[in-house]
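Chain naming follows the written order as A, B, C and D, and within any one chain the residues start at number 1.
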């Protein structure tokens, strides 16, 4: 029993104890107990992950658990990376929960919602730690059911939460079945269900089997990862879940979909055919673009963050696709960089999205609304939260010196790599991917400017926002931890280099993509470097320097009413809202977003030429959901109604069914 | 207690309990009934200890091997929960003394008939026992004498009698084949004899028999297209009886199919029954899925969920490998426990609500947290979610099916399971979640169910969850029982 | 001689089933059922004579009492209590029923081939008659609206199976036969009670009215 | 050490030249329009005046409003120091490449946009919204141009690209390069807020983009914004110049070479600035919602450049 095993054992034991304690203790201490347990489970998981990415693997088999299969655990560097990621997020969320969900807090204080929290984290740790098909599926489904319970935490007062829960339940189960069939098929074809056995047999499988398995698994994993067009559950569930749960789901759970793709595609199947990766790339492109466009026009802060998750997952998938394509083309250096970019972006996204969702939770707690149009003015009322949210937004917008920038830079480096012998498809696909990443980055910047600018700055646009007060210290502490992690990843991404090198080495690319990195990020095989530390120091140092210099030479500032071209006096009604901010972008991408607009003009009775009032309504429904899923739901409902005709209540009809079956069996016996 | 005596106990105990009911007061009689159920469970465990690695226990017409012991455990476990819940059911419903007595007697006879079915070595006696279950449960289904329950009882008796008749025709065919192969008298229908003397059996006749038997017992097992009686009967019976019918009676019918399959597969090879079972499995899953979509009655919803699970069991039986059969057996136990809890919970809900319409129940989680929690967890168990054992068994069925090259069937089946999942989740969410409407509280509602009434359900859920975590001592028994079904391959 | 008598009994057995399909008066149906019971008893007796089997003879007596005596008697009592004389509107009309019966008989002969092939005695040759009656009984139950007609359908199925058992094997083991007979008697008793309750609840025994439980 | 000195020299040079470039362009434009125009150093005088005035900030503005000019200035100076204007050695080679330059410039834009929103005025928000829309759409063009340029060299390192151009000028004058230059030029206009995307001299609020964001600045804050904006134009034009006219950039950190490099740099800037100013005389500002069409055009140019560089190279 080495340190990985010990840490995992502590994590699972703590989850059990935490759940029981969260259930048993009275309401007053419940959030403290559950939050502490969650943080503890996360810390233990992160410790296991840290040991694993440092090179300490572990395998174990517990035949008496999980009937008919037994639990097999196997932790390598890749698993360790995701253990670390999940654990880290859980620590932050655990600390945050103590302040958020407690009495007087905004979040739910119900037994179930708090007791399930550590179990959810444990389930998320079980997924990467799993070493066999059955164990993986067990973790996957445990994760689904616990997260479902958490999404439903506010079911009582929010019909939207109930709908979200239902969408999530149905889609996650469909995804589970796809993965189940895929992995069971793989296990059957490989003649064993442990990952080790599959890994050994993986490359010898027929292309039909491996392709089929990859497609099925991809469907399930991409849906869990929130990739468009398998995403509709995500903006609903992430928006309606309590914010600490949104953070866990968006930052950690969604990544396990990514983990699944890496594990199955690169590890178990051992790479694959080119079309797999082109398909994955298509998922990535569509997710990134559609996600960020929806985020750009969203006015619900949490919906914005949720669609931004789809976007970031799209970028991660794009990185994985590039890794697959470059491996296929024999360009191992670029493949390693692409893989490193995807994994690093997963970690970065986990960092800033935890921070942002926790920030959204603080806003929700302080104002009771998520509608950016109703917010504003929080930077003076909640300065610490605003500052922390800014750190997250900087990362999410992928601007230097934020942490998102480094991984997007890596991704671009991988995509900019040129290999003429890789073939025409790749030659065309690479620039398209670059353009998509660039457009995504651009719109992403606009999106987070909107979120920060209209949500936190200027004047409050509602009395709720006006009366907002700063969050309690526990919540700020949790967010502070996340902000520290973001800052660390931003200025010193190279600390992750040995781990990423070990992972890439383990996945048969045989390359250490970030081998030479120190203060600078240096790539092997690609002659580009940056120095995130110096960029960060440069921007911050120069800005501080200029501030000092300006103060030294200039006069003191004075506050006065805004000039606004002499228009005053200003009211909050005159401000740009989130809707108006996004209007130009919405117009530009009208064809994709297809907004629904209604203009109702009412006339006074005297004359139809006069106008009494004009009512303008605009809605931006998720077009893919409306066009792809709603018809499906309608069709299923129609089938259900039509199927009532099967059971009319007539005993004669029922006997006729049986007689028909009898005749069929007899005829089958006769014909044979 | 010598094992051969233990063979008679599962019959004697419920019959004795039924007899005692005549003498005792209602409350005591109800608890005596629980004792009858516990006796079956204990005897099953006792027999399991003997047979899981030793020879079969035989005495007269009765015989117990590992499969029998396992089925006795299933019957005993589900019956314990159902009878225990039945104590409170009777206390709450407070029927006339005569009706209560008749109810208690019939339930015990029902248990005895099911025990006989799994203990009989002779396939003819097995048939008689299964048909006897129809007869004793007919009045339980029609217990309430309302129009709906009379209708349900009529359909139940007619459809099952005709269906089970087909099974008898199949039994006659097997008998004819055995006689033609040189067997005599009662022995010719003994399963032990047939399973060990398959060489002379005429394949054509066995083929005919296999089809007929599958249709016949398939009717009792609720396989489509012979399923139509099931939603009516299960929704109209009193809750504990629904629990028994859904939780074990269906499985007892499937037990008969396994016994026959073990014989016919030795003669015909697995192909023929596999094809028939696959068709039945997919038909059942389809029927269950499409009728669940627009389901408006929660008891019927649970009944269709039973059809869905029987479809899965048929799928696993069709696969027929060791893993598949072990998974199927575990599925039977898990489904029995889960469905018993769900039906008993639904019964309490019906009493509180006065209507079995889904639309009549809103915000139960807020109004009745304990009952809603129990029902919700039972629903999660039936949806095949961990930690409940149905997760492990469904996983096993899927893995086994894919290993046997039935990928398309598994994919189709689990696709339908997703539809059923969504439909069940939708109705479950509609009932459990949300803000309770003040107007939906009918005047009949007499507060919350007592903790004592929830206790049997909690025990059932705990058992289902424990099984999902680890089989413990059942592990060897399951493997031994699997061997009795799969030994031939 | 015995073979010819056996064939005669089998013919009567099948004819009575077709007659049930043809007639509409419920009392006539019960009479035909009695005839069929007698034919079945005849088959059993002939087999007992043929095989010199006392056990079969005893079974034959039991069958006679049950199928030609007790069950028709029970049905008459039902009919007396539920005053409906005719099967007014079967779901499939009589002429179509006849055609269907013809088809079912053909199917029975085709399906029963393995039974016939197994034991080339003259009794076994007649086994398809039993299967034909099973199918006809099934058809009757599926197309007739009166409760009593449906009970008769169930009984036809049972008679058919009994006939197959006698013709193909000389009768199932005694213990099974006893159990089956007891089950059958109890089932008819249950149906008798349920018919009364149906009549009380719906004021009618038209089974097509049973549409309250659906979906 | 020399690299650091070069970097500081570059930053100082760009900072010093930027207001002069603005003055020069205004003069050229005035001359072409038949006006006398201001003097070359007028922008410097404006800056000095502004630095002395009292900075006034709107009542509702928060810390972002005061921080934005500093961030804008910091990013401009950092880029000026890091990009290869005088020497291809890449003064801070390994710290920042072309993608970082694009990112840093965008960071400056974002700072101003947030400041515009922070004022709580309608014009501030309007400017921010428009600026971010344009910035979002410019981004793909910029990175495609980077792609086209970097494939030639196999690196996004600016110094490497310029050095390769200087070493082999023929490689610069390829169709791919020309297309990339055109794309980058349009992107530069948009980034720097020049006609036809934005009119730096407009005084009609409704057509403002950049100016609308900075309406509320006064005193030294405004001075920083103006100065930084001028530096951004200088930076972009300088990049354009050194990427596509790579002569005269010092390949060694020798002081003499650096001096020559500085002179050549100023000349190139003057030429490009003059051309830009002359061009602006003849075009009108596009309607805001026609701007995406222009940017889509530049995007296509960029894509063509990439394809050309892949297929023809």
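One rule holds for everything that comes next: a contact is a pair of C-beta atoms (placed from the backbone, for glycine too) under 8 Å apart; a residue touches a chain by one contact, two chains touch by 3 or more.
Keep in mind that what you see is a predicted model, and the values were worked out from it rather than measured.
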Review point. Among all the other chains, which ones are in touch with both chain A and chain D?
Key: none
**Study point:** Leader among chain pairs (count of C-beta contacts)
**Key:** A-D
Exercise for review: Name the most central chain, where centre means the mean of Cα atoms.
Suggested key: A
Review point. When the C-alpha atoms of chain B and chain C are each averaged to a single point, how far apart are the two points in Å?
Key: 30
Check your understanding: Approximately how many whole Å separate the CA-defined centres of chain A and chain B?
Key -> 42
Revision key, fill the gap. For the pair chain B and chain D, the C-alpha centroid-to-centroid distance in angstrom is 77
Exercise for review: Go ahead and note the Å separation of the Cα centroids belonging to chain C and chain D.
Suggested key: 99
Practice item. Check each residue of chain C and list the ones that touch at least two other chains. Key: 111, 113-114, 138, 141, 150, 207, 210, 212-213, 215
Exercise for review: Give the residues of chain B that touch two or more other chains, as numbers and ranges in rising order.
Suggested key: 151, 154-155, 158, 162, 166, 207-208, 231, 291, 294
Check your understanding: For this entry, which pairs of chains touch?
Key -> A-B, A-C, A-D, B-C
Exercise for review: Using the touch rule from the top, collect the residues of chain A that touch chain C in their complex.
Suggested key: 644, 647-652, 655-656, 658-659, 662-663, 666-667, 669-670
Review point. Which bits of chain B are touching chain C when the two form their complex?
Key: 61, 122, 124-125, 127-128, 131-132, 134-135, 138-139, 142, 145-148, 150-155, 157-158, 161-162, 165-166, 168-169, 171-173, 175-177, 179-180, 185-186, 188-189, 202, 204-205, 207-208, 231-232, 235-236, 291, 294-297, 300
Practice item. Enumerate the contact residues on chain B facing chain A in the complex. Key: 151, 154-155, 158-159, 162-163, 166, 207-208, 211-212, 214-215, 219, 225-226, 228-229, 231, 276, 287, 290-294, 323, 326-327, 330, 363, 365-366, 380, 383, 385-387, 389, 391-393, 395-396, 398-399, 401-403, 407, 410-411, 414-415, 417-419, 421-423, 425-426, 429, 433-435, 467-472, 475
Revision key, fill the gap. Chain D contacts chain A in the complex at 51-64, 66-67, 70-71, 73-75, 77-78, 81, 92, 94-97, 99-100, 103-104, 106-107, 110, 113-114, 116-126, 128-130, 132-133, 135-144, 146-147, 150-151, 154-157, 160, 205, 215-216, 219-221, 224, 288-289, 292, 299, 302-303, 306-307, 310-311
Review point. For chain C, which residues are in contact with chain B within the complex?
Key: 111, 113-115, 117-119, 131, 134, 138, 141, 147, 150, 153-154, 157-158, 160-161, 164-165, 168-170, 172-176, 179-180, 182-183, 186-187, 190-191, 193-194, 197-198, 201-202, 207, 210, 212-213, 215
